[in-house]
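Each remark here refers to the structure printed beneath this line.
As written, the chain order gives the labels A, B, C and D, with residue 1 at the start of each chain.
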Amino acid sequence: MTSPTATLLISCPDQRGLVAKFANFIYSNGGNIIHADQHTDFAAGLFLTRIEWQLTGFNLPRELIAPAFNAIAQPLQAQWELHFSDTVPRIAIWVSQQDHCLLDLIWRNRAKEFTAEIPLIISNHPHLREMAEQFGIDYHYLPITKENKIEQESKQLELLQQYKIDLVVLAKYMQILSADFITKFPQIINIHHSFLPAFVGANPYHKAFERGVKIIGATAHYVTSDLDAGPIIEQDVVRVSHRDEVEDLIRKGKDLERVVLARAVRLHLQNRVLVYRNRTVVFE
Amino acid sequence: MTSPTATLLISCPDQRGLVAKFANFIYSNGGNIIHADQHTDFAAGLFLTRIEWQLTGFNLPRELIAPAFNAIAQPLQAQWELHFSDTVPRIAIWVSQQDHCLLDLIWRNRAKEFTAEIPLIISNHPHLREMAEQFGIDYHYLPITKENKIEQESKQLELLQQYKIDLVVLAKYMQILSADFITKFPQIINIHHSFLPAFVGANPYHKAFERGVKIIGATAHYVTSDLDAGPIIEQDVVRVSHRDEVEDLIRKGKDLERVVLARAVRLHLQNRVLVYRNRTVVFE
Amino acid sequence: MTSPTATLLISCPDQRGLVAKFANFIYSNGGNIIHADQHTDFAAGLFLTRIEWQLTGFNLPRELIAPAFNAIAQPLQAQWELHFSDTVPRIAIWVSQQDHCLLDLIWRNRAKEFTAEIPLIISNHPHLREMAEQFGIDYHYLPITKENKIEQESKQLELLQQYKIDLVVLAKYMQILSADFITKFPQIINIHHSFLPAFVGANPYHKAFERGVKIIGATAHYVTSDLDAGPIIEQDVVRVSHRDEVEDLIRKGKDLERVVLARAVRLHLQNRVLVYRNRTVVFE
Amino acid sequence: MTSPTATLLISCPDQRGLVAKFANFIYSNGGNIIHADQHTDFAAGLFLTRIEWQLTGFNLPRELIAPAFNAIAQPLQAQWELHFSDTVPRIAIWVSQQDHCLLDLIWRNRAKEFTAEIPLIISNHPHLREMAEQFGIDYHYLPITKENKIEQESKQLELLQQYKIDLVVLAKYMQILSADFITKFPQIINIHHSFLPAFVGANPYHKAFERGVKIIGATAHYVTSDLDAGPIIEQDVVRVSHRDEVEDLIRKGKDLERVVLARAVRLHLQNRVLVYRNRTVVFE
């Protein structure tokens, strides 16, 4: 399976023949489909699909795939994305003081659990510079105050451009991004340390302790301007009991956070997540 | 282990020697402790414990245990309950139209998963009368409207008295009880079909679907006047995906609901749940 | 989605164009695909797929679908099954003394969690006759000894024929079926009360207790002549601790057993399970 | 709770008054119990308990606690261990080529999830020397062949002595230790990459894939001379499907392995694990 692949993520109004039309496009050009999955949202009248095929032996040169597919997609009013598996996406990881998600993502990247380059870490604290240097990643310390937030966000945007970043991962970055920033750079995944929509906002572990829940969770989601309300990619939970103090919830939560965030990042990088109407279809 | 046992559930301000004092009370009277567990809530400065011992060979006759223990408890400002394992509690199950939790509780009772009598079913619908009759349980149909609610609640209270009910289990009873009712009969366990505190109130499965969560849950809790905010006894969850329509969430949720409710009822009937400050300690 | 559907389960040697060919067969005959999923077993060189489409508007009459599809399938050396969603399969449930899986399957069938008729219960014990009668299901008591086993199996086969049974569900039937029986009636799902392949054979809960495991499981699988080694359809687990005696494992296990068995039966009845090489692909 | 504590782990033949006797020993010497839990194995006739109390204000000096308690324990035929929370245990981590468990344990130790010193890494491969040096830990490369195994084990024992090691953690060390070695150094925790007792021995992920299981697991256990059969401390599982190739099982398994191993090490270091009859009581 080392042949490079192309992947189409498509959503379009439901109608007869969509599976056949898309499959024929690949087949008639000599492609070998290695993954095809679909979902129909009957309430929304939408057909959503992911098709991945091997490029070896495919007759269309890469640069012609998009225009050729567009000729099919336009009459169907389809929205679509095309990705190539040998394009290595570039990730910026944003952190505050906690290192567990950062270290975990770096370790997984080195262990080739997903394919990406991580050239940039941005933080509102100086604490994790040493870890960044240990792994040879540039670290930019941009402290945030109420006064300088807009200014710092424009610097952050510049950095994302400069480093040609495709995806921002908020790996326990404890600051809220402005709606303006999100509009300008919408590809952002966040890890929230609760089972959303329970305990939105700050200090979810304290709130969970206070409420006396028997299970805590973590949620990875795309960031939208509506705080903690973006499309959910992945969630997981762990049991707790009355014996768990807040610090135990935090400790147990860390294990959840890093696993849930890593799964979400991996699914995104494999182009398995299709977002529509503030929801996700995850083609696993 | 067929010897009857006595169980003390105690909460009192934390201080040295509590374990020794309570254990000595049992031991000096010839009792054999078969379960002792404790928890300290350091923030609240509270010591919480459950002690269960065999009555065979215990020197104090049953009627003297409470006064004898009170002499120890009072100087410690302890709050406590005393239960005997061979007292069979009487349960009233309240339902609306759904039968899965009701059938499950009846089946578990017959399978001796817990020891209780279920002489009474109350419902605001007539649908489940046949099932009640099948198992020889009295069924009282008390429809609820805005106008007759107070009146019906007084009839319900009369029924609870008449049937000598110790515990009300709301097994998908889709009505809200008044604060006044709860004050008069506070021993009520409810099953809420969400992972509280997410999705309080009505239609949690529709809300969960709308939000696009990847996990749904169920919560069993004691009922308080604050809707869906009572002390949580037990929770559990199950994975869902974009393929699950609302009806799938409801179906999967039913499996959760009956298991979570049954566990909570069993823990309560075994006197393993100690409530304080709107939280529970579950001595498993 | 109340339109009846047809479902094809196909496995064939992997090659280019399969998705397109199968989709075109549906589309060119006017069908609307509502579910299509595929899996490639690269090691085995096999392509496995499930395609479901609405029969309303489909140009081929039902009786011609199989021969028409065969013309496509044969050159591809494909093995395939065709099912119609409005064919109601007939289930025989086999039990011994325990009732929880039986009651659960009956309840789910009545709650329309799956579509089936359950006209027949076979047991090697007389205990559950009353429950069978309560639900109006014929109950055949066929006690098994070493001596009469072959004889009884031929009676059992007769009953399956007589009642036109499509699927046998061993719902805690504590007898081993002969290889000969399984050859004659291969559509059998069993629930094994362990996390296979741990604790094959008898008394898995006692073995689990003895081994001191921290998690127990249940496994639903198709029955093959190799005991407890048939293709696994579904598994689930639950945490246990040192506090759980064997009877607690049995009690907790029952909750697993009925859920796991019900899921497996439902997946089978929805034609979502494709068996190959003693493995299953479950198209969820 | 920063006061140092003492912890007793006791197992003795069950009899009346044990809770009182042990509690009185603490109380009469001015100690404040902060954790007391017990378990009775009725089949074995054994009482097992863990008691932890604050040393601040305790009248007995540390060196007299053991002899004083022995006077109580001996007549009861009790076996017991005494631990002090401010004694920092010394761990040697043994690895082969995989780094995930090693890195995880180091990270957790630095994050103070447990209190220990990790001065020594032993490996039969040279691969992880760089990581060891990065964290300032001595790395000893001792390759193992059939011929040199006994010789290398004696070197390993010397290293354990030299570094004053209290606990060996086999963090994916892919060699079997001799019975002789285990007798000489019995404090060893291993992570096995399956849900024991399923898939003992080598290549469990390949076996799990072959068997087509729907769930995989990991098991942390004390090492005994009987391979993969030592007392289980902790287990956990994760769902897999037909889509998971062997490499996916390995990847998902790694997340399990590091979490399960870390939990087991933490429980051991907090003196929460009591071993008897090849089983564990975990006082959580």
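Basically, a contact is a pair of C-beta atoms (placed from the backbone, for glycine too) under 8 Å apart; a residue touches a chain by one contact, two chains touch by 3 or more.
Chain-to-protein mapping (UniProt): A, B, C, D = Formyltetrahydrofolate deformylase.
The structure displayed is predicted, hence computed values, not measured ones.
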Far-end chain from chain D, centres as C-alpha averages: C
Contact-richer chain pair (by C-beta pairs counted) among A-B and A-C: A-B
Chain A and chain C, separation of their C-alpha mean positions in angstrom: 37
Approximate Å spacing (C-alpha centroids) for the pair chain A, chain B: 41
Contacts with 2+ other chains: residues of chain A: 42, 241, 243
Chain contact topology (line, ring, star, complete or other): complete
Sites on chain D touched by chain C in the complex: 39, 42, 195-199, 211-215, 217, 231-237, 241-243, 245, 278-282
Complex contacts: residues of chain C adjacent to chain A: 1, 16-21, 23-24, 26-28, 30-38, 40, 42, 239
Chain C contact footprint on chain B (complex, rising order): 99-100, 103, 107, 111, 113, 134, 241, 243, 251, 254-255, 259, 284
